[in-house]
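Presented below is the structure to which this report refers.
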Amino acid sequence: MSRNLLIGGALSSLVLLAALLSFAWTPFDHAAMDIPAKLQPPGATHWFGTDHFGRDMFSMIMVGARTSITVALVAVGIGIALGVPLGLAAAARRGSWLDELIMRGNDLVFAFPSLVIAILITAVFGAGAVNAIIAIGIFNIPVFARITRGAALSLWERDFILAAQVAGKGSARISAEHILPNVLNLLIVQGTIQFSLAILAEAGLSYVGLGAQPPTPSWGRMLADAQTMVGLAPHLALVPGVAIILTVLGLNLMGDGLRDWLDPRLRVART
Amino acid sequence: EGGITVAMQLEPPHLDPTSAAAQAIDSVVYSNIFEGLTRFMGDGSVVPGLAESWEISDDGLTYTFSLHEGVTFHDGTAMDAEDVVFSLDRARAEDSVNAQKALFDGIESVEAVDPATVRITLAEPNGNLLFNLAWGDAVIVAPESIETIKTNPVGTGAFRFANWVQGDRIDIEKNPDYWGTPAVLDKATFKFISDPTAAFAAMMAEDIDAFAGFPAPENLPQFEADPRFQVLVGSTEGETILSINNKQPPFDDIKVREAIAHAIDRQAIIDGAMFGYGTPIGTHFAPHNPAYVDLTGTSAYDPEKSKALLAEAGLADGFETTLHLPPPSYARRGGEIIAAQLAEVGIKAEIINVEWAQWLESVFRGKNFGLTIVSHTEPMDIGIYARPDYYFQYDNPDFQALMDTLNRTTDPDKRTGLLQQAQTVIAEDFVNGYLFQLANLGVAKVGLEGLWANAPTAAIDLTAVSWAQ
Amino acid sequence: MSLLEISDLNLSILGTPILRDMSLTVAPGEIVAVTGESGSGKSMTAFTVMQLLPPFARTAGSVRLSETELLDASEPDMCAIRGQRVGMVFQEPMTALNPVRTIGQQVAETILVHKAMSPDRAEERAREVLDRVGLPADRFPLTRYPHELSGGQRQRVVIAMAIALRPELLIADEPTTALDVTTQAQILDLLKGLVADFGMGLLMITHDLAVVADMADRIVVMRHGEVVETGPTRQLLAAMKHPYTRMLFEASNHQVALPPLPEPAPLLEVRNVVRDYRLPRRKLLAPAGHFRAVNGVSFTLNRGERLGLVGESGCGKSTLTRALLGLEQVQGGEILLDGEPVFSGHRPNLAVRRKMQVVFQDPFGSFNPRHRVDRLVTEPFHLLDDPPKGADRQRVIDEALTAVGLKPADALKYIHEFSGGQRQRIAIARALIIRPDLILFDEAVSALDVSVRAQILDLLAELCAAYALTYLFISHDLSVVRTVTDRVLVMKSGEIVEQGDTETVFTDPQHPYTRDLIAAAPVLPDRESLKRMAYHD
Amino acid sequence: MLRYSLKRLLSLVISLAVASLVIFFVIEVAPGDPASFMLGINAQPDTVAALRSELGLDVPKWQRYLDWLGGMLTGDFGTSYTYRTPVSDMVAERVKVSLPLALYALTLSTALAFPAGIYAAARRGRPGDMAVMGATQLGVAIPNFWFAMMLVLVFAINLRWFGAGGFPGWDNGVWAGLHALTLPAISLALPQAAILARVMRSSLIDILGEDFMRTARAKGLSRRQALWRHGVRNALIPVLTIIGLQFSFLLAGAIIIEQVFYLPGLGRLVFQSISSRDLIVVESVVMLLVFAVIVVNFLVDLAYAVVDPRLRART
């Protein structure tokens, strides 16, 4: 196991652990305000200090991890659940109108400026975690469709697929039995990377106020709240900023590590 | 130096104050470019503007205004009675798109008696007419330039419009032919900085000379501590309230509304959301107004009482509602605090952040909300409580009668009495949660003089601004 | 005096020894062939000379080029030597050229990088060498890109690059393995001519003993990184002191005995089959073009018969295979198995499909790496209405694996745990498991080492005896086809140009193409004649 | 080539048509009415109705769609509801900021990424590579708005080397304009550079393993020479794709950065217009951005053909 995988895995599990632990325990109630105690620097009582309402930043970071992970997980899940079958179908019917349709559709989604559309979606359907998930999820579909199709296409050229065809198996069955398991590694690796991108996207959306709504803590919104106070209390911006960076870093390292570990020959489009 | 750069948060959509509600328009053009027959001063008083003087008939139905002589528009054409008739008729017309068309309700006719005299006839007496005519929505515009007013406003003010870089700034320059006391500054630039961080950074970096309506109160102590800057704290006409949908159960029960009132800790909100800037209010009235009554005691913070009231109303376990929050930070931050405070007494208010357009559609027009926070910045607007179709849907015939009487009353003392009575009625009916009077926060470089500290209306009046020697 | 002298060379990569006490010499004008099975260290020897070893390689011993000790040479010195004093040609012509630069640029680069000539002169020289390797200016201007050339032509460009500066030594690592026999013969001729013209030393690496026997002045036989035997070609082949050399020789020439043919009864009937590939439109409104990969092919395969199909790369062999399997619709003609069409309506006829199985060329790509052997070999059960289950299934698997010389326990392994030869056995097991009437072998032994190939051919013969197999054996390797088939079809550009009894076709080819093909194929002389020749020397 | 270009052009037109439909109808669903928004809370219903008809909002949706589409085909993007100026003028004004910003950022990111990626690939597995890769991992992980905040804090507020934001306009000189765009460009460029450097490196490493690189070495090229003469151009193909994607991202995705530096760019125009329900501006700008992305992709495809002769032949 590579160093990347080790460091990445450790960072990611740390974040995941914090998120899971927050269901059972946080040092303080993350929503409890104590306005006289606002903007306290990190210290013995409040490990990461308090925010502008006197809430405990450590607790908020823990619960915020939950928000980030949930949003990112579901968004990537949408991308996989819809993108992978599309990619498999396109590869199975390569060269046909279906393939063409799916790929053109992909290009079209790619052509939309994602952030602008995300803002539009949340503006139209209201700000909130669910709509943030949808907005991020939509742009994950073509990513997975494309890499699934790419990998599946080269698999369809392989002799073992021909052998399966000789055994009388139809393309749906071959896709499920032979293609999917062989693109799984690639999907896991890409999934990790998309996951980290989704965390960044969620932070961005929350930063402009379109992500999870208060009182649910969200790292991006914590940053937005902090931005006018960096001069007064730098920890307000540093703590969530570092949380985002470490999480994304951890996931990316893990993705790289997984790729090397699962299959050194995998090619992953990191865009 | 002969010029300044003043920043404000929002960019005006266009520059016609008579066809949009956007306060940013008034901020730029009020008194600087456009003037009305009367005008507001920085302390909120109404004084003569383009009208030198006026006479009111005994029955209070006819106002005869004498205009200043020798006033010209920036394009060189003369400003005379015909322009006044044109401006006011345009604002009251059937197809008018004046956002405050109600200001002109009750005007029967506007006539030019001679080039320097205008007569306004009313259907019934209106004690507010001179006040109403001071609004930015009632300024005098020139018919010749009305086509291009939105992008190239031509007024009579001490400054004239020079240039607009959309998304960035508007430049105005001194009007050398001004009829009154000329401006001291040769030119001025309004810069639009919507982001609070950017506002702070721009001020700190001295990219700008002043910021009117500074959006981040938390940064003011830093400016105070910095010898380069002065902080101007004044008041606005903005009563910031937690509006309650009075028709929506359970808010139709006064006990529930009272419970909400007692659940709110105003000082915590002022400290938490506004970093201490703002005056607590107990009713819908500006504290700086002589007629103000301090009713904060009526709705003092008392969560226990609040819970008891809820229990009395049969809601011992609390209830769920929505809290719609428009974009300004007083609402967004205040809302978070209020939601937390309501949660303490068992009321679960789901926060729904909305943009203004959405707020107008679903909350204001659709009345589809439980609670919302908004600052009512129109001066002297207690009259909205007499409109049962107004979005918080307060329908009290007694109060409506009271307002009727008030409108017909011109005697100042009687008016004060009536106003105080009105304030008490709504406070005791707990129509809304009354939070605080929005502070007018400004930051300027040391040495800049003559800026308004208060904001009786949305205006950044630069006519008297100058740099100290 | 020798040009290249390798003595006691030891090479290890990350601690694994690759070459052990390796020695050889090449004199000017001499062709030395290094041969041996896959992985014996042939290529590593070449890379050591070039000093282009993978990272973490350690060398000891001596590699001298004339007076220069290459193992001690600095990297800049090596850069000066490579291309100028030593040229190298690689196996894969398709990928050995930079796809984004013209052939002229790439040939001239050898000259320019050594600052041997002015750019204008370099271009002239590039032209000259390209002419010399058989790429005349009128058909192959310098501005051509590699993708515009065939494999053989590309190999000529690579050779041109290697000889542009008339190096003293040319190293060729399997220069013809990827090419057709006819092209191979041309390239080998070219190399021989160059050695004769320029007096270069040629270190030729090949696993093909027939090529070695034909070309080399001296032979070096390697196994597991060691030289097992070396000497002048004729003597070495005549004596073959080392058993490994003998084994190689025998395996290369391996003959199997097929059981006699039963009475002819048609099993597979192919009539006038045409297979067109649609080409992308050249112009927007022009009709789409067609490429006829299989053109009017007809033949009959009798039950119990072993039929061969030979032809150059791209002549349509695999396309025909797919058509026979009913995987693709044909554009004309009919294919009947047991009197029934393999393709009915617009879909494959599964009832017929279950009577056929196939074994592919690439032992590494024919299996899903994620499945165990038992699942892999039972994949054809999908064709059966009532596949064996439970213990029955187990028994069938055991039987199939045993039949191909594997153990029943292998059923639980994954495919990566097997060698190439074992994988081909598994492929055969998979083909056998539903006892098909017909098996198609598409280049089934082409990727294997000679010794392994010999074993698989033996297995085939055994299976023929045990199960009375009927098969179509597709290969470009004439010697293999000659021994495992009764009858042979010769295919060229999608058409069958000649068919007949295997021995008859090989000894008395009728069609000029068949004659070319047979003439171009290098053949190993038999041992008796070798001994005689050595004796006469 | 012609056939290829025509085919691409056709799919481009279809994409645009579909995009216009999607954009128009998604945006029109948005709750909120521009007329009410402009007139505020005291406006009377008849005033709002008057403004709606003045803005042309009272005609059916599909007709507005056709008008809008037809207008765009003739270069008329309509008139902004709130600003009452032609959308094309507004857009032209904003493009003057967004386009230079995108190009500036792209230049910076390419200038950073190419050497870094090539350096790392050439030094694969060695400390230099690890350092570069570590840095890029960090670069990818940093949210650009956070980075922007930090840049402002350090360079605008503390050091005062740069203004905190705003854009003086190109009339005040190219230098002043570039100076104002420097911090935004850096904050946009850094994460992009990190991605680009990674792509450059991995693509180059792939190429380094190709047979023709060995051929080049056998000719006598040094490692460096082989890398530059044969590696870089071949590695450019995936890199070009990313550059294309990044350009479109930079053009539209700068919203948040434009917000932080209060730059009057396209992104902020969209943001403002969404909040004021100036739908026609939103529709036109989004359409324009989609158009830009599609055109950029088209150009990238053509650029491939320049880089790779195999594509030239196939097309």
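Read from first to last, the chains carry the letters A, B, C and D; within each, the first residue is number 1.
Everything that follows uses one rule, which is that a contact is a pair of C-beta atoms (placed from the backbone, for glycine too) under 8 Å apart; a residue touches a chain by one contact, two chains touch by 3 or more.
All of these numbers come straight from a predicted model, not from anything done at the bench.
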Quick note, more Cb pairs in contact for A-D or A-C? It is A-D
Chain-centre distance (mean CA atoms) for chain B and chain C, in whole Å, is 88
Cα centroid separation, chain A vs chain D, in Å, comes to 22
Per the C-alpha centroid definition, the whole-Å distance linking chain A and chain C comes out as 47
Taking each chain's mean CA coordinate, chain A and chain B are separated, in whole Å, by 44
Listed in rising order, chain A residues that touch 2 or more other chains are 123, 227, 230-231
So chain D residues touching two or more other chains come to 31, 149, 153, 157, 259, 274-275
Residues in chain C with touches to at least two other chains are numbered none
Those chain pairs meeting the touch criterion are A-B, A-C, A-D, B-D, C-D
Given the complex, residues on chain D that touch chain C span 2-3, 6-7, 125, 210-212, 214-223, 225, 229-230, 233-234, 307-310, 313
Interface with chain D, chain B side, in the complex: residues 11, 13-14, 19-22, 94-102, 150-151, 165-169, 191-195, 197-198, 200-202, 204-205, 207, 327, 355-358, 360-362, 364-365, 378, 391
Per the touch rule, the chain C residues reaching chain D in their complex are 50, 52, 55, 75-76, 79-84, 87-88, 90, 92, 95-101, 109-110, 113-114, 145, 147-148, 158, 161-162, 281-284
Contacts from chain D onto chain A in the complex sit at residues 11, 14-15, 18-19, 26-27, 29-31, 137-138, 140-143, 145-146, 149-150, 153, 157, 195, 198-199, 202, 206, 238, 241-242, 245, 248-249, 251-253, 255-256, 259, 267, 270-271, 274-275, 282, 286, 289-290, 293-294, 297
Touching chain C in the complex, chain A uses residues 158-160, 162-169, 178, 181-182
